[in-house]
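Two complexes come next, and they have one chain in common, subunit A, joined by subunit B in the first and subunit C in the second.
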Partner chain A sequence: MKTNDRRTRLLKWTSGILILILLVVAPIFLPDYWLHVSIISLFYALMASSWSLLAGYAGLFSLAHIAFMGIGAYTSGLLGYYLGVPPVLGIIVGTLASGFVGLIIGFLCLRLKSTYLALFTIAFAEILRIVIKSEHMFTRGDKGLRLDPIFPDTISRVPYYYLILALLLVCLAFMFWIVRSRIGIFLRAIREDETAAAARGVDVVKYKILAFIITSMIAGLAGGFYAHYTSIITPNIMVLLQMDLLLAMAIIGGMESLVAAAIGGFIIEYSLEVLRVLEFWRMVAFGVLLVVTLRFAQNGLIAPLLNRIYGGGPKAELRKREEEAA
Partner chain B sequence: MDLRIESVCKNFGGIQALINVSLTIQGTELVGMIGPNGSGKSTLINTIGGIYQPNSGRITFNGKQCSGLKPNQITRLGIGRTFQVTRAFHRMTVLENLLVPGEAVFPERGRKVLEKRGMEVLGFLNMQHLQNDYARNLSGGQRKLLELGQVLMAEPELILLDEPFAGVHPKLMEVIMNYISTLHAEGKSFFIISHDMTSMFSFVKRLLVLNYGDLIADGDPNLVKKDPRVIEAYLGVEEG
Partner chain C sequence: MDYFLSLVISGLTIGIIYSLMALGLTLIYSILRVINFAHGEFYMLGGYASYYILTAFVGIPPLLGVPLAGLVVMSIGMLLERALLRPMHLGKIERPGEYAILITLGLSFVIQNLALAIFGPYPVRPPSFLEGTFDLGILKISADRTVAAFFSLLLLAALYYLITYTWLGKALRAVSQDKDAASVVGINQLSMNSIAFGMGAGLAAVSGALLAPIFSVIPTSGALPGIRSYVIVVLGGLGSIPGSVLGGLILGLVENLVTGYLPDINRAVTYKNVFGLIIFAIILLVRPRGLLGREE
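Here is the complex of A and B:
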């Protein structure tokens, strides 16, 4: 068993380092267009993994994640547009603003269970989008809000690629820490059974709100980056279709695994670009893939694959599988 | 240990589930409560445990007010409980199930100490070999033991057991009784709710009987057994 553990750990580290090297050297080989696709894919990886922490670990099926991304984007954009606040400071304030709204939404959603939470958060996201669209005198609505770039001295996409890669890695490391800490154990217990978690001493209210704040802040951070990278934002970045896409990414990847959800986000965004020749049929294909995943692989397609390669899941279950295979 | 329940009433709409229930559990006691189905036994445990708030009356534990507190606050006061239908965290391993109350009640101890304590609890329950199994893969009896293990991780002074012998094989029932006796001998107090009269008469030292939310008997099981109101509650009265 010990040899197997050592081999698994070695495999994890080796493949992890190889993937990291590949990601770091990728801009050298990638043409400009595919570098852009990679940046957007990394952005979706960050969004999908943070949503998986909220929905997959804490069981809070919020459909307002894209709205929190919008709050981060618009806060930074409006601060820059009206007050000349520099992008980095704007992104920080946008991240905090998303966290604050996450706190309020978390409070309002405390007593709401799955379906009602989903409906409430859809309503919130749509209200926010329509307000931003309607208040065009302030937000510039569909005309779009222009933003300053984070790196004004260059037109290269490479600094943005490394920035979003760094943000993804730092946020994943932070979320990993959360998942392995007592907060992660409490969130999973709350997902399984709120009443039982409370009876075991867990402050359900506190940890549900905390999950909302943390994931909203990550979405806000991603939104701030996205806004300054694309240099223009419209309320269309918050349409429900975007949330659907995010859901598909996390579900096909594996909602209960941060890395699997991130890989799902990356691969699906990349595939959508690769399959552009198929026009609208690519969306149909992903819709079918989503339905098939939900029916036959409820923890996604990537997560079980990672478990098979790296030996995830409880060891006793693995042992059983090995015994069965033998 | 001092639990005081004073004139507690609990209504659900027009149904009075608990009517002026008063009782005290002091020191190291092994108290049982029986009652026909729907008599309010689980409602009483849920009211003590903070899942329900009483409509009137008050509950104190070691002099501290329990009414108005949330279940997690009551657990931290030193009252642990199990559920009538086991509520283990299915997609978490057995050891993780034990870490939840450990981390919640004793966060200052750190993960390693809590894991060690978890293994001790599993050792006591003879379940060490299941530490990495998902709770969903356990049998019904093993889940009952796991729930008891979760309660023990929080190191409560008083343990409320809601139907611990329901649907359990007679051999496992004996095992659970042995665990309760051992823990009781170590100084833990128990308040056990069951509809199984036979086991309760022989097992507990003090027996209470609840009927339609009304506490109709409290005392030595041998005397309670002969109480006409208890006989009436269970067997009914002949007409005429």
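Here is the complex of A and C:
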């Protein structure tokens, strides 16, 4: 078994490094349009993986993830528009603001079980969207809020590409660390049985709120980046259909694995661009794929694939435990 | 005073149609224990169904399109229930609670995009039930709205009869109170699930068809009514039938009074939905069982 372990570890590292190199050199070969698509896809990868931490690990089915992205985007946008705050500072403030609202929402949601949580977060997201849309004297509503570029000296997309790649990798590493630490175990325990977890001494309140804060901050960060990259935002980035799309990405990837959800987000956004000729039918196709995945492959399509290649996943864990017991 | 009264009347006429849609959601919830996140999409399908029925069979009275649309969407709902929700009740799904939320959300995503692909993004409007307006002295109310409200009232009465006195209604109530005891006395729970889901979808479709001549239909026009019916059922109490009727009337009133009395008219129109949502959020936090819901 030892050699097998070493082999999978070697496989993991080499393929990981290969993919990383591929991602780093990609801008040299990609035409401008596809570079843009890659940037947006990496953004969705970040959003999908952070939602999977909240829903897949902690079992908190929040439908407000898009709203937190909007908070990050609009905080930075409004600060820049009215006070001339530079983009980087704006994004940082937006991330913090998003985390703060996440704290409040997490606190309010403590008593709400699955369905009620979903309903409450829909209500929150819609209230926020409608308020931003209605207060157009302040937020410019559907006319769109203009934002300054992060890199004002160049019109090239390459720096944005490396920035979002770095953000994705750092956030993934951070979330990975959380999932692997005791916090990850606590979160999964809460998901399986809240009462039992509390009985074994898990501070349910603290970790549920923490999960909300962390994932909201990541969504806010992603939103800030997205807003400054596209340089114009409207409340339409927060419609429920966008949330559904995000959900589809995380679920088709496999929401119980951060990497699988990220890959799901990347691949789906990319294929949506590739299949542009199909217009609305591509969305129908992804919707059907989502429903079929939910019905027949609840662990997603990419997560089981990763498990098969690299080992790991619930089956491998079970085998390991049996061996240890034997 | 007249102004206030006219707002109340128009609030109640629209509220009764909201009630009808919310009642569908309640019916589904009390039997299947599932919140149907695709409810707004059935509303939208109802509007399209009546439009296409009325264009296909020119000459039939427009009001006949409403029950027909309801029946069409009801059969669609029953098929979808069988394909997607039945496995959950047969124990084939690992986490049924999560599955129910995600699968109905997925369904709403599919239906909405399918509607965009098939019907296109431009609004369609089925013919009016009755042209013109009624003059009640204090307000003029469009004939369409009046007809729609009366139709809803009749349907609510019929539903009341069905639920209270018929075998089907008793069986449905039995399942909602105690699944196991209902199976013991020979009620097939799986077929009750199908019927309840179909009826729920059909009710959403009927209210969609009733409002289609007034507001027109586009593929996304189900989103707001969908959210509105979540607000109503939570306000009235999840699973409570009188609660959803009461909730619908209250929401209709609140929306109309807020729009009527806020000084800034533009803001009032956009904010009328926010007020419902704020009530909703507060109810969820303070009294999750709603006004008339029972303790779980």
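Note that the second predicted complex is superposed on the first by the 313 of 326 C-alpha atoms of A that agree within 3 Å, B and C clash if a C-alpha of one lies under 4 Å from a C-alpha of the other, contacts with A are read in each partner's own complex, and residues count from 1 in each chain.
The criterion applied here is as follows: a residue touches a chain if its C-beta (ideal position, glycine included) is under 8 Å from a C-beta of that chain, and two chains touch if they have at least 3 such contacts.
What you see is a predicted model, and the numbers here were worked out from it, not measured in a lab.
Asker: Who does A:122 touch here: subunit B (first), subunit C (second), both, or neither?
Answerer: The second partner, subunit C, only.
Asker: First (subunit B), second (subunit C), both or neither: which does A:201 touch?
Answerer: The first partner, subunit B, only.
Asker: Thinking of the overlay built on chain A, is A:185 touched by subunit B (first), by subunit C (second), by both, or by neither?
Answerer: Touch partner of A:185: subunit B, not subunit C.
Asker: With the two structures laid over each other on chain A, which partner does A:104 touch: subunit B (first), subunit C (second), both, or neither?
Answerer: neither
Asker: Identify the partner contact of A:96: answer first if only subunit B is touched, second if only subunit C is, both if each is, neither if none is.
Answerer: neither
Asker: Classify the contacts of A:30 with the two partner chains as first (subunit B alone), second (subunit C alone), both, or neither.
Answerer: neither
Asker: Decide which partner touches more residues of subunit A, taking subunit B and subunit C as the two options.
Answerer: When the residues of subunit A touched by each partner are counted, C comes out ahead.
Asker: List the residues on subunit B that touch subunit A in their complex, please.
Answerer: 49-51, 70-72, 75-76, 81, 83, 87-93, 96, 99-101, 103-105, 107, 111, 130-134, 137, 150, 154
Asker: What residues on subunit C touch subunit A, complex-wise?
Answerer: For this pair, the touching residues of subunit C are 35, 37, 84, 87, 93-95, 97-103, 105-110, 112-114, 116-117, 220, 223, 227, 230-231, 234, 267, 270-271, 273-274, 277-278, 280-281, 284-285, 288.
Asker: Report the residues of subunit A in contact with subunit B in the complex, numbered from low to high.
Answerer: It comes out as residues 182, 185-186, 188-189, 191-193, 195-205, 314-317.
Asker: Please give the residue numbers of subunit A that touch subunit C in the complex, ascending.
Answerer: 59, 61, 63, 108, 111-112, 114-116, 118-120, 122-124, 126-127, 130-131, 133-134, 239-241, 244-245, 247-248, 251, 279-281, 283-284, 287-288, 290-291, 294-295, 298
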